[in-house]
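Notes follow the structure.
Chain IDs A, B, C and D follow the sequence of writing; residue 1 opens each chain.
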Amino acid sequence: MGVNTLLRTTIGTLELKNPVTVASGTFGCGREFAQFFDLSILGAVSVKGITLEPRKGNPPPRLHETPMGLLNSIGLQNPGVEHFIREEIPFLRRYDTKIIANINGNTIEEYRELSSILNREDVDAIELNVSCPNVKEGGMVFGTDKEMLRRAVRAVRSVVTKCLIVKLSPNVTSIADMARICQEEGADAISLVNTFSGMAIDVQSGRPVFHLVGAGMSGPAIKPLALKKVYDVYQAVEVPILGMGGISSGDDAVEFLLAGSSAIAVGTAMFSNPLLPVEILRYLKSFTRAKKMGVEHITGLAHRGGFS
Amino acid sequence: MQCVTSKILSVCDLGEEYYRIILERPENMVFSPGQFVSVMDQNSPDLLRRPFSVASQTQREILLLIKEVGKMTKRLRKSSPGDCLSVMGPLGKGFDTSGQNKALLIGGGVGIAPLLGLSQELDAQGRDYLCLLGFRDECEPAKLFKKTNLRIHRETKEPGFVTDLLKEVLQEGVEVFACGPLPMLKAVRSMCMEAGVPSQLSLEEKMACGIGACIGCAVPVKNNSGTVYKKVCSDGPVFRGEELAWE
Amino acid sequence: MGVNTLLRTTIGTLELKNPVTVASGTFGCGREFAQFFDLSILGAVSVKGITLEPRKGNPPPRLHETPMGLLNSIGLQNPGVEHFIREEIPFLRRYDTKIIANINGNTIEEYRELSSILNREDVDAIELNVSCPNVKEGGMVFGTDKEMLRRAVRAVRSVVTKCLIVKLSPNVTSIADMARICQEEGADAISLVNTFSGMAIDVQSGRPVFHLVGAGMSGPAIKPLALKKVYDVYQAVEVPILGMGGISSGDDAVEFLLAGSSAIAVGTAMFSNPLLPVEILRYLKSFTRAKKMGVEHITGLAHRGGFS
Amino acid sequence: MQCVTSKILSVCDLGEEYYRIILERPENMVFSPGQFVSVMDQNSPDLLRRPFSVASQTQREILLLIKEVGKMTKRLRKSSPGDCLSVMGPLGKGFDTSGQNKALLIGGGVGIAPLLGLSQELDAQGRDYLCLLGFRDECEPAKLFKKTNLRIHRETKEPGFVTDLLKEVLQEGVEVFACGPLPMLKAVRSMCMEAGVPSQLSLEEKMACGIGACIGCAVPVKNNSGTVYKKVCSDGPVFRGEELAWE
């Protein structure tokens, strides 16, 4: 892809050649999707959630389809940060795209240690995931309790000099309050939303489908809810937003920009259409050209009267 | 691996529960027995693709053997020649057919699908094998198999399960290939391990990406430090009975 | 319908011949759907939200379809409580079904006055709606702020001797906390969920689709989220639950019972299938017969190991 | 009013944008001009039904005139004779045809649909009328109308809008019936009010229930205390120009 200034955008200190990124956990570390398209077309890749030590993950079943939604309970299965540094960074560096390391922990200490390790490595940004609903300890607690969130962001900020993105949970009364805390504690950007807390029950057995009962819901079903969260956060804070949640078309991506996202991430919808990022990028190219307006001007335009 | 549009060439009922679909084989999509495709129709009300074994292939066609169980399998059955499907494949790792011993293929219900291509491969290799196919009631799909080397078990006609047939013929020096419902696979695995016979089992698990990216299709597998979860879609769907850490 | 003891259930002091009810705002006061089926088959009817004075409602557009979801911004248009008493109660009383009056206000005083008026009238229960996202004042504030919720429930409870159901908003960090407050303040039952806060943006104009920006989302898309809320509330309180949110089949209804609902309400899915309540009732009849278990035993069974 | 399954008898293109569908008329479903049905197909990925005017009816059939704009209208076009739809109807209040004056029917785009049945009704009554139909480009659907009493305006061929035709013929003592895009309806309404001519406008609004239960399809209407919202689906879709409180 040649340089297209209309598509340029920044999330905090991270400059992206275009606003199309992929959501953590839906894209592995890119190897699988690299079979379908050149990862260099992407503005950034947010990799599968990393933890300090390898994680086994949750027992199956881990997936359940719902009307236009997906419940998952992966439980952060991953081979740990050492493996990520050794195997995945070099792989991703072969492509012209930014690397966002999605970090997860059970304790503040773990978050701090993991982020200080990654801060020394060749990644472009650190995405502090305080919103994983699929682990027993830690995880979403940091994203739903204001004091915990503050402590987590503060601890990580104190060791991270790279771009720090905090990924918020949508499962709160006021996501604006959570975003303000992130801003106060010096986060460079906010990504939202992570999955919504949901569940399913098998009517024949009468028992919850998932071992941990709850699971995280993603996909087009949640798009209107996620969009509202982005809109609310844009109104509350100055830090830029990496918006996601159910994006499955170019129009969806534009909606997220208009609501206030500086960049967007595609997730669940790639499972059925692996070429979706390519299609969205193509759409944004023609959309920005038709509107004669760059992504940075479209960001948040719904708050300023729209196109006119 | 690719994701392309492919035309439906024919849809044909095989009794009440089963049917087969013949698709135009996308160029360069070559399947080994046990591999699968993941399909979607454009007007679909489903979010996710659906995985189906490639039951057999020719130069220009691939055959899917399908059991009607839910939304997509109901809709597919109603499709017409000329309709298009998005097909992703080839997916997964198929059966390892490098062995030399006599092969016992055991399948339950629609689980016989990947065994069809496997039996054709063994025929081509000239390797000795026997197919044991079990059905609850209807057994139309068995007609796709060569009549020689075939034994069929119907639960509604005979007492017991298809694994009873396996018991009769299981002996040292054979290799077992199985696909079917979980309880059947578990029984096959125990029988083989007891008899000291190697087995290859083709598993099913709910899938989202189908290509190994989401880690959603986990199956517990033994390793030196205990158990780890592998991915049915990309590490499998075929696993050796001995490596599985079931129960 | 003859008496079927397997289907009997109670929500608080309200005895229902079966657990199938219809959700407030999706059924008017029953006149329209009475063209499709005999309202007497229903356990109860929750009528369109009532206010003290007539309400004009929000300007159009009021509806927007999303993937398996519906955004609405009706704004509580209704002809006021006097009209309800004069016209709708007599109409509904022609049927053998319970009447649940869904009440709405901008202030605690309004809630109290409205509920004391209705407490004297021939309705079977009062459903205190503290969760309407589609009005500028009041509405959801009472459902998302703990102290406001407490004051609203206390005020209404002090004048209501009939069965008092509090309808909770799902747009909170901990719905269990909200349910506990309702229980502490003497609510007889809890109904949930009301709509999730969402929005849509028109990509051509670049502006929000709805005048109030936000709208309430309902329909199958939210079912897994609503189910989780019911599950959480069942664990937190003893008061019975009237469960709803995206129910569109008999299996969905059973899931809500298993999660902890004593009765269920059908809403958005009736718009495409007006006979859905009839179908669900038929399904529950055969399900309870097959399982040899009444609705009251199925309620909450997912917390107790399921069928076995 | 009922909600029943009805068979598609034929689907026939009328140019690029438009097509017509003929459905088996459900027994006892009788429509007056301007009334509509709300349809859904069982395999639909949509949550809501879609409203369509009944463009005309015979003893056994109803005709829908449809413009392809989105998901359902795309899918419907691909349906085959014999496919079934769930049809709810008759819905809404149609045009009031009790007047005696000469009628001017003005329609824009697919808005001509309810005018077809209306023109047939006026023919049957022997009432004098003139149809003014406007299209952006293609005007195939106009062929459904009787050639006498018909004038067509195509934006790509002539400058201006179909309302320019109305301007030419609008005079005291006529009654105007209109259906089409909102800007057209607003223009028609102003012109009629200025000319002191009564108008009946058939409106569109997004619908959920289609029967008056959800109050989702609001249109502002004047009453003595200001404006109130009425329901397009059950109070309309036809409203008198004078009663609307637009702007």
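One rule holds for everything that comes next: a contact is a pair of C-beta atoms (placed from the backbone, for glycine too) under 8 Å apart; a residue touches a chain by one contact, two chains touch by 3 or more.
Note that the structure is a prediction, hence the values are computed from the model and not measured.
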item	value
Length of the shortest touching-chain route, subunit A through to subunit D	2
Any chain in contact with subunit B as well as subunit D	none
Longest centre-to-centre distance from subunit A, chain (CA-based)	D
Cα-centroid distance, subunit A relative to subunit B, in whole angstrom	36
Averaged-CA centre spacing for the pair subunit C and subunit B, given as whole angstrom	46
Whole-Å separation of chain centres (CA-atom averages), subunit A against subunit C	34
Where subunit D touches two or more other chains at once, by residue number	45
Residues of subunit C touching at least two other chains	64, 67-69, 219-220
Topology of the chain contact graph, where touching chains are joined (line, ring, star, complete, other)	ring
Inter-chain touch pairs (all)	A-B, A-C, B-D, C-D
Subunit B partner contacts - residues on subunit D that touch it in the complex	43-45, 75
Subunit B partner contacts - residues on subunit A that touch it in the complex	25-28, 31-33, 35-36, 48, 56-65, 67-70, 72, 74, 77, 219-221, 268-272, 274-275
Subunit A-facing residues of subunit C, complex	64, 66-69, 71, 144, 171-174, 196-208, 213-215, 217, 219-225, 227-228, 231, 246, 248, 251, 254-255, 258-259, 298, 301-302, 305-308
Touching residues on subunit B, where the partner in the complex is subunit A	1-3, 40, 45-49, 88, 205-220, 227-229, 234
